[in-house]
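After this come two complexes, each holding subunit A, first together with subunit B and then together with subunit C.
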Partner chain A sequence: MTKQSKMSPEEQRLEKLQEQSEQKRRRRDKDRNVLQELNRALDAATRTLTKGLIRGFGNERWQSLTIPLLAIALSLVAISILVLMLGSNPLNVFTGILAGAGWIPKPSYGGGQSQLTDLISLSISLTPLLFGALGFVVAMRAGLFNIGIAGQMVVAGFAATVLVGYSDLPALIARPLVLVVGAIAGALAGALIGFLKHRFNIHEVVSSIMLNNIFIHVASYLIKANHLNHASRNMNAASAEARLLTEPVQFGEVAARLPVGFLVAIAMSFILWLFLTKTKQGFEMSAVGKSPKAAQYAGIKIGPTIVFAMALSGAMGGLAGVTHYLANVPAMTPDVLPALGFDSIAVAFLGVVHPLGAILAATLIATLSSGAVYMGSVAGVRHEVASVITGLILLFTACGGFLRAWLDNKKRSFADDENLKGGDAS
Partner chain B sequence: MNFAAINYSAIIVDGLSFALPLLIIAIGGIYSERSGIVNLALEGLLGFGAFTGALFVASTVSLFAVTSDVPMYLSFVLAALGGAIFAMLHAALCIKFMANQVISGVVINILSVALTGFLTSTINANIFGQASERFMLQTSPRWDIPYLMEIPILGAAFTRVYPFIFIILIVAAFAWYLLYKTRFGLHVRAAGDNPQALDAAGINVARVRFTAVAISGALAGIGGMSFAYSISTNFSPAIYMGFGFLAIAALIFGNWRIVPTFAACLIFGLTRSAAFQLLPVFDAGAAVIDLAMTAPFVVTLLLLAIFGKKNKMPRALGEIYDKSKR
Partner chain C sequence: MSHNEQHKEILLELRNVTKHFPGITACDAISLEIEQGEIYAILGENGAGKSTLASMIFGLYQPDEGQIFMRGKKVHIDSPNKAVALDIGMVHQHFKLISNYTVAQNIILGDEPKKRALGVFPYVDIKSAEDRIEQLSKDYGLEVDPRATISKIGVSTQQRVEILKMLYRDAELLIFDEPTAMLTPQEIESLLTVIDNLRSQGKTVIFITHKLDEVMQVCDRCAILAGGKLVDVSHIKDTSPAKMAAKMVGRDIEFSAKRPSKQIEETVLSVQNLRVEDSTGFPRVDDVSFEVRAGEIFAVAGVSGSGQVELADTIAGLVRPKRGKVMLKEQDLAKLNVRKHTESGIAYIPEDRQSVGLILDFALDQNLALRSYYQTPYCKTSLLNQKAFSDHADKLIADFDIRCARGAKTPVRGMSGGNQQKAIVGREIEQDADLLIFVQPTRGLDIGAIMSIRKRILDERDKGKAILLISLELDEVMDLADTIGVMYAGKMLEVAPATDLSMTKVGEYMMGVTAND
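For the complex of A and B:
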């Protein structure tokens, strides 16, 4: 007689039910275990990822280099997703931009063009961007937002074109004179902002906006009244002797005009770096920028320092103006503030507000704009995508402070974890 | 000089058609700045708003009768929505990601110009199958208001009026009520003047500021859409003509308060239209218009120089709110 036969049908059913529920529980436990495993693996993965991020980006000494790189990487990922959604290959976009800007060779070149001429065009468009960024950096060191670079560019470009560009001076005199006139005109326009802040306590952002619009409209009035080229609707162009491009130089089979301002801009970055870090005036400017009150107690005259910083910043803006209007574009267009004046602010920030960082940042942004048209023709994406990349890089750069704080925070909590573990072991 | 040739009614109508969009953008700026967030992004926000509205019109115009005005009215709703969403990016950068507010404004402007330009030509090429950098809009109807238009001189304000004038007046009145007469408005103003006190009263400062910036974007979007209808009857990147910065001048001129800002916008708008109308009379040549355009900026700068000490900008404007700070 088996055990089962002794059981009543109810008991048998009960046992069956119990068995079923037991099975169910076991299955659930198994599921839960799998989930837990998965969770643990995910946790470990994010931990390693954050640890990697901290190892890569947490070192404070290198953060001024690594944080912008992270911003660039993030925007490239975002753009790749966008381009994939449009059904094109992101790699073609990036190589297209690099080829268009002259960093890598194109498969074929038109007559009179080569990789070298592409690189030279890149340096022409890079120059005003670098000067503009330097102008912003100088003001920012003294704690001032010079968003008036566009206005200073207009004043300098107009003054240099009228005073030197319409004269018969030979190139050897005209070109240096254009740079000097541009720097002085820009410096005066910048100093005015500093003066308004010092004397009337008008915030420099507000006065810059007003002055930008006043400058462009007054210049447009003078252009339309006296200097309008009726065919192009632009200002009459400056003479070839005054333009900041040399006579064509022969490179093997191709000839190209070289930008006069490019080497000046690179040299100026190093000069400003030395000025800001090694001289008394540079130190005073930084002191006023970091803490006006402390600077005042130390006997630094705040007013003159502010005016001086804005004049120096304006001079760079002026150089940006002449290298833009007398090299980068044919002539000034009335009623339009140069977008480059605002782009250079963003370039300065991408270059972590450092004169040498500005060189790298300006190179990157100029590459994007310079390579855009060629990329548009080969990658099957509208060329405007390049300016979207620029915008996204700047967007992520603006979050740099947050990224830094987040990394610091994670680093600290990891360090705490490690300490706790160490405590358990002993 | 031939004074009989002056078209006074055009001065008033064109002046209002310019002043009111400017006003609604400036009110947007007031909301953001009274809550403590500097808003240099107005230029980008009005452009993005106009882009969203125009995209809506371009993609739905075939669904409506040719003579229907419905797409136009809906485009204002969409423009407000688009502006608000784009403004949230500014809010997120300033509040959550602790970005510098001036820099964030500049970046938002750059991104807006880039994105709208890219999207307009990409959507035109890929969806509508045409190579164009603009979205066409229908011509806006113009209304003559019966009876009111017969009042001498002032009646001109009621002839050939753009419908958006009324949309803006209603929205502006509501915005005024919301800012000065409601609890939420009080919170917005407190967030800009004394966020610590607001926090102590148990209100979430970040949330108030976020909402204020979103409202700012919505209002700027309505203004941008109005400009798209009145100035060009299309959307193209040419809409970035510096009106956002003019609105900033207006709100500073108006001391961050709505009614004086309204007066400032009227002065700006009427000066501009008067200059356009007076040109032929004084035989001055088209260039003079540029000198007239400097007037609002010169006057604002002079006012700031003379009354700068009295100017009351929100006390916590531009500061990232930090709970632990006292």
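For the complex of A and C:
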């Protein structure tokens, strides 16, 4: 007290100010401590979550399976939320799609239809999608992005319709011939892209986008000049003998035309898988795709390998073309590039750019599109919801690469932490 | 070029600056004093620590130990921006310019003079910048058109733009990192004049190089680095190129595996008047002739970029020569493709092991058969035999002590550099070729791997193979060679038996010094 009294008023004021600021500082420190605690808790939570994710999806050997499955699961959750917001039951949406595509029975069927006919029409729409995806996968193995599947489909569909579809050949010859002509026409269209890259260094994405337009418009010109069906405004349809659907086969009550291309497509997936992993040409294609410089050093001729890979990819695109235009739809529509040619790229990615993955991915995407209409009629939401599911799956799949890299990164940093701890202890 | 010897103000001082990288000390307790207005050379071999030192002055790296003083004040340069604020500028070896911008736009980038149109709308006042650049280029004799686009002007003009960039920011201390590496002799001449000009305008220059003649021509003082240590600082007028070269390379050889050649026999490789051009038509290898005989290690020495790598690529068939012959025994290889080169008996360990020598995403067994996968037993009628791949890999893994986590199926990407190199060396030696080409076989490896690979090279020589060794490490050349060829600017300046050449002599040729002292 005596001390205080000795102080001048000026000093006292200063003392008081200091005290106030001290208090303020203490309060701020306390706030900061709370924040720090919160941060620490959050850190711990994210750490646990990350570790869980690493445990679930970090195993590189299973990542090509687990990550697409995660993408599908996430998109189903997202669509469920959307459907709930629309006031409907998500479960009805999923069962509606499955029933529409023929995986589970519908409560009732119209005349001449059954679960079996639904499954058959699923396989008809699945076939070109699978061929297209295989085409993309083959090119991708050699490091090439074949965005020209649509153009190759057009070339093959047009050539096969004109050369075989308008002839009087019997079915037994015509149908295999359609596949052969389609594959060859597609291969030539694909090889052209490979040649342009090899010879003139034109990037395949640029040339194939250009060629897509050139092919569809040249074909459309020829259709309108010579082959237009004036009633449907489509190309004149190919003869029934040339179409890639068998004569109606009787299954008990119902009759159905079976797709010729379906089993070929499934077989082709396995053949390509073996080709890519077990043959010299497959080895060379992968080498060029992974490291062109090392491939050159290994004595591999880069140019011919690129042309060959694009020809093979184009052949698959061609098969997609004939199984689309001569089975999936009645005939080619002028001026329209088949959207399926681009969807197949997405399918290939969903199938982790693997020939066998493509089978699963094509089945899933075809199921969604094939079951959409029926789902729309029973689930109380518009059938476009199925397309939204497809979009979401592809969106989440596209994030798969990021997730993979992120997990890899986290795994490494955790491993470093452990090492550091081990180092300190020793 | 007189330089007065009176006491000058110290502009920059380094005290015990040390920088460690994993496994190596790039700069080891280096102390330097750089005076206001002098041209100070930092001289050293590849990997001597010159660039690391400059990067620390320019704030790209922070020293682990030691201090930096600028104008007598201790500074902490933690970014290039800080360095610029301290009036330090740097011309990098590879220019950092935006090629579709004009000269003026590049120079002002990051420090744009701004004005406001009608007092409101901000815009970049390019006009005043151009005027100022024109004035600067006049003052310093740096001829350049501020309105020209970078992609349209030559390399030496681009370098002037880099210099103007520093002057525009009022830099007092200018660091040049190997500025002559990409220039022709005439361009070098004019650059040296520019640097001399800078000094007469009162600027201070740090000049990093490994070319002795340039140092002799313009510099006042010279610090010599070797193996991260400061070996010597001397006044140029008190020294000679020979003395400097000796100091640059004169450190003790730490590991010696030297064994003399048993027997040198017939010529295996004969290169005659070889000329190799790059895509612009510039000669990378210029009229080179030499022979490599069975049982001989022919080592090519030279500083980086003297044409050695192009020479090796051409002999191995990866690059087509413009002129000249490459003969392997009696066969002319010039018209053959890469595979025919391999099959006629050339094994090649390329410089870039990760993008040329290996496919990192492939498994080890596939990489170990990268040059022979198409032959039996790996491949019969187009079908690959997986077992042959893994059996072969298991054998090489054992023979060459390749460490790999998952045996033959290990992805090569996950292996260490030393083991990757062992895999390449194993694969190439196993071909039993007459000629083995090794380019930088021990670069970036630890001592154990280095010794193991050097021993392999000597073993192969003793088996009677012809060996062409290309290395930037003078130690390695001196240690292994039976015959040494020195390349400088695409030319083979000297070929002589290793016993006739001292390390100093080789060092001089590497710097392009041909006159005998």
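The rule is simple: the second predicted complex is superposed on the first by the 356 of 426 C-alpha atoms of A that agree within 3 Å, B and C clash if a C-alpha of one lies under 4 Å from a C-alpha of the other, contacts with A are read in each partner's own complex, and residues count from 1 in each chain.
Methods note: a contact is a pair of C-beta atoms (placed from the backbone, for glycine too) under 8 Å apart; a residue touches a chain by one contact, two chains touch by 3 or more.
Source: prediction; values computed, not measured.
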Exercise for the section: Kindly say whether there is room for both subunit B and subunit C on subunit A in the superposition, answering fit or clash. Expected result: fit
Practice task
Mind working out whether A:409 is in touch with subunit B, subunit C, both or neither, as first, second, both or neither?
Solution key: neither
Practice task
Pick one for A:225: touches subunit B only (first), subunit C only (second), both, or neither.
Solution key: first
Exercise for the section: May I ask you to decide whether A:291 touches subunit B, subunit C, both, or neither, giving the answer as first, second, both or neither? Expected result: second
Exercise for the section: Applying the touch criterion given at the start, work out whether A:46 contacts subunit B, subunit C, both or neither, answering first, second, both or neither. Expected result: neither
Practice task
Considering only the touch criterion stated at the top, classify A:36 as touching first (subunit B), second (subunit C), both, or neither.
Solution key: neither
Problem - Dominant contact partner of subunit A by residue count, subunit C or subunit B - result: B
Exercise for the section: Report the closest approach of subunit B and subunit C over their C-alpha atoms in the superposed model, as a whole number of Å. Expected result: 6
Practice task
Under the touch definition given earlier, write down the residues of subunit C that touch subunit A in their complex.
Solution key: 316, 318, 337-339, 342, 348, 350, 352, 355-362, 366, 370-371, 373-374, 379, 382-384, 386
Problem - Residue ranges of subunit B touching subunit A (in the complex, touch as defined) - result: 38, 40, 89, 93, 96-100, 102-104, 106-107, 109-111, 113-115, 117-118, 121-122, 125-126, 242, 245-246, 248-249, 252, 285-288, 290-291, 293-294, 297-298, 300-301, 304-305, 308-309
Exercise for the section: Using the touch rule from the top, collect the residues of subunit A that touch subunit C in their complex. Expected result: 278-281, 283, 286-287, 290-291, 293-299, 301
Fill in the blank from the handout: Within their complex, subunit A touches subunit B through residues 86, 145, 147, 196, 200-202, 205-207, 209-214, 217-218, 220-221, 224-225, 334-335, 337, 339, 342-343, 345-346, 349, 381-382, 384-385, 387-388, 390-392, 394-395, 397-399, 401-402, 405
